[in-house]
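One structure below.
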Amino acid sequence: MLKYIGKRLLAMIPVILGVTLIVYLIMSLAPGDPARTILGEQATEEQVAQLRSEMGLDQPIIVQYFRYIWNLLHGDLGRSYQSRIDVSTEIFSRFPNTIKLALTASLFSVILALPLGIIAAVRQNTFFDSFSMFVAIIGISCPTFWFGLILILVFAVNLKWFPVSGQVDNFKGMVLPALTLAFNSMASMARVTRSSMLEVIRQDYIRTARAKGVSNRNVILRHAVPNAMIPTVTVIGLRIGGLLAGAVICETVFSWPGIGRLLVQSIQSRNTPVVLGCIIIFSICFSLVNLIVDILYAFIDPRIKSQYQ
Amino acid sequence: MSERMKNGAASEYALEIENLNVEYHVDKEVVHALNGISLKVKKGETIGLVGETGAGKTTTGLSILRLIPSPPGVVKGTIRVMGEDIGSLSEKQMEAIRGKLVSMIFQDPMTSLNPTKTVNDQIAEVIRLHDKIGKKEAAAKAGDMLEMVGIPRDRGVEFPHQFSGGMKQRVVIAMALACSPEILIADEPTTALDVTIQAQVLDMIRDLKKQYNMSMIMITHDLGIVAEICDTVAIVYAGSIVEYGTLEDIFNRTAHPYTVGLFGSLPNMDDRTQRLKPIQGLMPDPTNLPSGCPFSPRCPRATAECFAKKPELQNIGGEHLVACHLVKEG
Amino acid sequence: MEKTEFKQRSMLVETWKRLQKNKGAMIGLAIVLILFLLAIFAGVIYDYQEDVIKQDYNELLQGPSAKHWFGTDELGRDLLARIIYGSRASLFISFAAVALAAVIGCFFGAISGYFGGKVDSVIMRLTDILLAIPETLFAITLVAALGTSTFTLIIALAISNIPIYCRLLRGSVMTQRGSEHVEAAKAIGARTSTIIMQHILPNCLAPVLVQFTLSIATTILTISGLSFLGLGVSPPTPEWGSLLSSSRSYMREHTYLTIFPGLAIMVTILSLNLLGDGLRDALDPRLR
């Protein structure tokens, strides 16, 4: 088991390096000279050249990249051009908010999606099945931000049950943002759960379980569900990764003080170091979620577990 | 044969099936899977259900466990297990019968075991369901069952994918026998296995059957297996029994043209110059059965009567029944 | 050769017949077609300068009426006209991006699957890396670096869609490569390019078609999301996401400004998803 986790961790490192390198290279395409931006129009060419070499900007891009990663490992993401504020402080003060939102949304979507998908599969072709699959296809078709706006209109503006903008420190203020972020992933998880349940229910070993005298309920819960979880977990992982990306939009809709909103604001104010830091942190999180899913996999699928015993 | 002699006097049946019909309603079409099957199995007796793929053998087996999915399946007729009509039982009562009174071994051991549970857990599950014993005892008994089918008990912690096909089928058999059932339905238990393993598994089934004194329904298309372990034989064609009798009746006094055809498809070891005589054509489409004898389109001796009217089973001596217009009583 | 063509045509006919039985997919197809026609012939219905761009201070924020079915926006422009013109941006960008991605992805996927070995592992590691960046985030990165433009958007969305097609084709090619009809073609000495183009690719098209439909849907969603953030199509060019973004300030009193553009997006995506699901089921009758 440890060997498997170790192997997945090792496989993750080149992916994280590759992702961050691509992001770094793209961001270096941004027009404008950071040294000039910092010093302003009045500075002389010499002053700019001096700052450039101090910042290492005269070195090859790949050297700059590795220095960036090295600093990142020490918790340093550079300084913002305009305010000279430490980027890592800015990002990590908002990071917990994004995690809070993403985790709550993941929880919402898993808790809703699994029972919905399982029951829909067990009662295939009933009203419940058609209805929940209709909701699910609406869910994957509905833009996150629009769903958020509609929720605000109905539950905050008209019914006044929840605050209009998100509030980090109380549950009531988290409900609408988390629901907004969860809807899409909930829908696709429910669809996958249903279809993998349908696939599993047809298998011979389910018939074997029935022939043993296992009750209908336990055939589903003990035999079908664990097997159906194997493909479902992959999608849950992908969706939670997508949820991080969705957070950028959702945070903007609800004015949520997370790194998604920071990212959008920084792009608008052309604050490249912050933009770079946010995107790098997002992509590392995404890779880590994938890693966690890979590890979870080993717990669910004995075929993987036994390979590493 | 000796089994029959022992129980013959007390004419009690482990299993009675009367006029069993199974239809599947799919997309406005009706698939006639079983068309009026009747048979009786005495305690301790082994009956062979013989026929081609799709003849309705497995459907018969599943009907006895009341596991025909409904919808789309529609089941009519009476099935009595140890004298009790299972049609009138609740689902809960039926669950108590499955795995306890009636067990089934399925055709493909590769897919019949749950890939996410250990072998021991899967055997222990059936024990705990029916014998009210604790977790530990059930696990220990599951280990005993594994040893009985020739698998070291410490392999019980492994998962099905770590076993070979023959070993998996042994596990399936251990699971089926764990609660000492009265009736064992073996659905082509050796078809998916290598030839060398087939003989081992078959021997084991036969020995265990004696040891437990079970009645057995052996579903197969292999007349060799039938000759080895069956007491009586039912030849099934397109969802109907076309010939029914003791092993001798079927092998030595073969009456139905289809049965004759089945024997003709086997190579003759004594005279290898003799050509195989395969049965021409295919089984009729179960959504569109012929109105007369179901075998008539393929029967080399079919007459006008055969095409017009479906023949009833008739007794042609002893307990030998044949459904054919060409075979006359006596 | 004639025989395989016949077989393929009959497969298409079969698929079409099965698709026709699927009500959802047919509704989806109909709506997608209508949207296409509206996008293409938008100029016939509305004049771009007069109805879509020109501001009319006598008609600010009018609710839905006979004259303006979906009402007018904060600058007095007809919302329906802007939504219909808005579909042009979404459809054009997403089609261009996904088509580009499909061509490039399929090319590398075919190479990867057919040749295997080192080429395969290099291509697969690259797709792993690209897959590790969510579509929205990748597009945001590119837009942040290069600024908003239709071209940047297309490139960004195309690149993030490449790995899906690469994987998809690699998988099908690997299955096809081992199949008997390919072995037979090799045995008679057909050239590699002939084998790939004539014997392998035609059999991989079905899953690509399904994925194409579904990618268009997600890409339209991504575009509208980016525009909502102000990182996609920039005003005054109408786009569904930016229509929604600008409606936010008027949302409380003028709900229709928020509801209609969102509905347009949802109906479009829903139809594409229904069509994609239907196609998948029709091409793979084993399911259901």
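By written order: A, B and C. Residues from 1 in each chain.
In this text, contacts are C-beta pairs under 8 Å (C-beta built on N, C-alpha and C of every residue); 3 or more make two chains touch, one makes a residue touch a chain.
No experiment lies behind these values; they were computed from the predicted model shown.
Chains touching both chain B and chain C: A.
With A-C and A-B as the two chain pairs, more C-beta contacts join A-C.
With chains reduced to the mean position of their C-alpha atoms, the one farthest from chain A is B.
Spacing of chain A relative to chain B, judged by their CA centroids, is 53 angstrom. As a whole-number value, the distance joining the C-alpha centres of chain A and chain C reads 22 Å. Within chain A, no positions touching two or more other chains are listed.
For chain B, residues touching at least two other chains: there are none.
Residue positions of chain C with contacts to 2 or more other chains are absent. Against chain B, in their complex, chain A makes its touches with residues 203-205, 207-216, 223, 226-227, 230, 300-303, 306. Those residues of chain B that touch chain A in the complex are listed here as 62, 65, 67, 91-92, 95-100, 103-104, 106, 108, 111-118, 125-126, 129-130, 158-159, 161-162, 172, 175.
Looking at the complex, you find that chain C touches chain A at residues 125-126, 128-130, 132-137, 140-147, 217, 221, 224-225, 228-231, 241, 244, 248, 251-252, 255, 258-259, 261-262, 265-266, 269-270, 273-274, 277, 287.
Per the touch definition, chain A reaches chain C in the complex via residues 14-16, 18-19, 22-23, 26-31, 137-138, 140-146, 149-150, 152-153, 157, 195, 241-242, 244-246, 248-249, 252, 263-264, 267-268, 272, 275, 279, 282-283, 286-287, 290.
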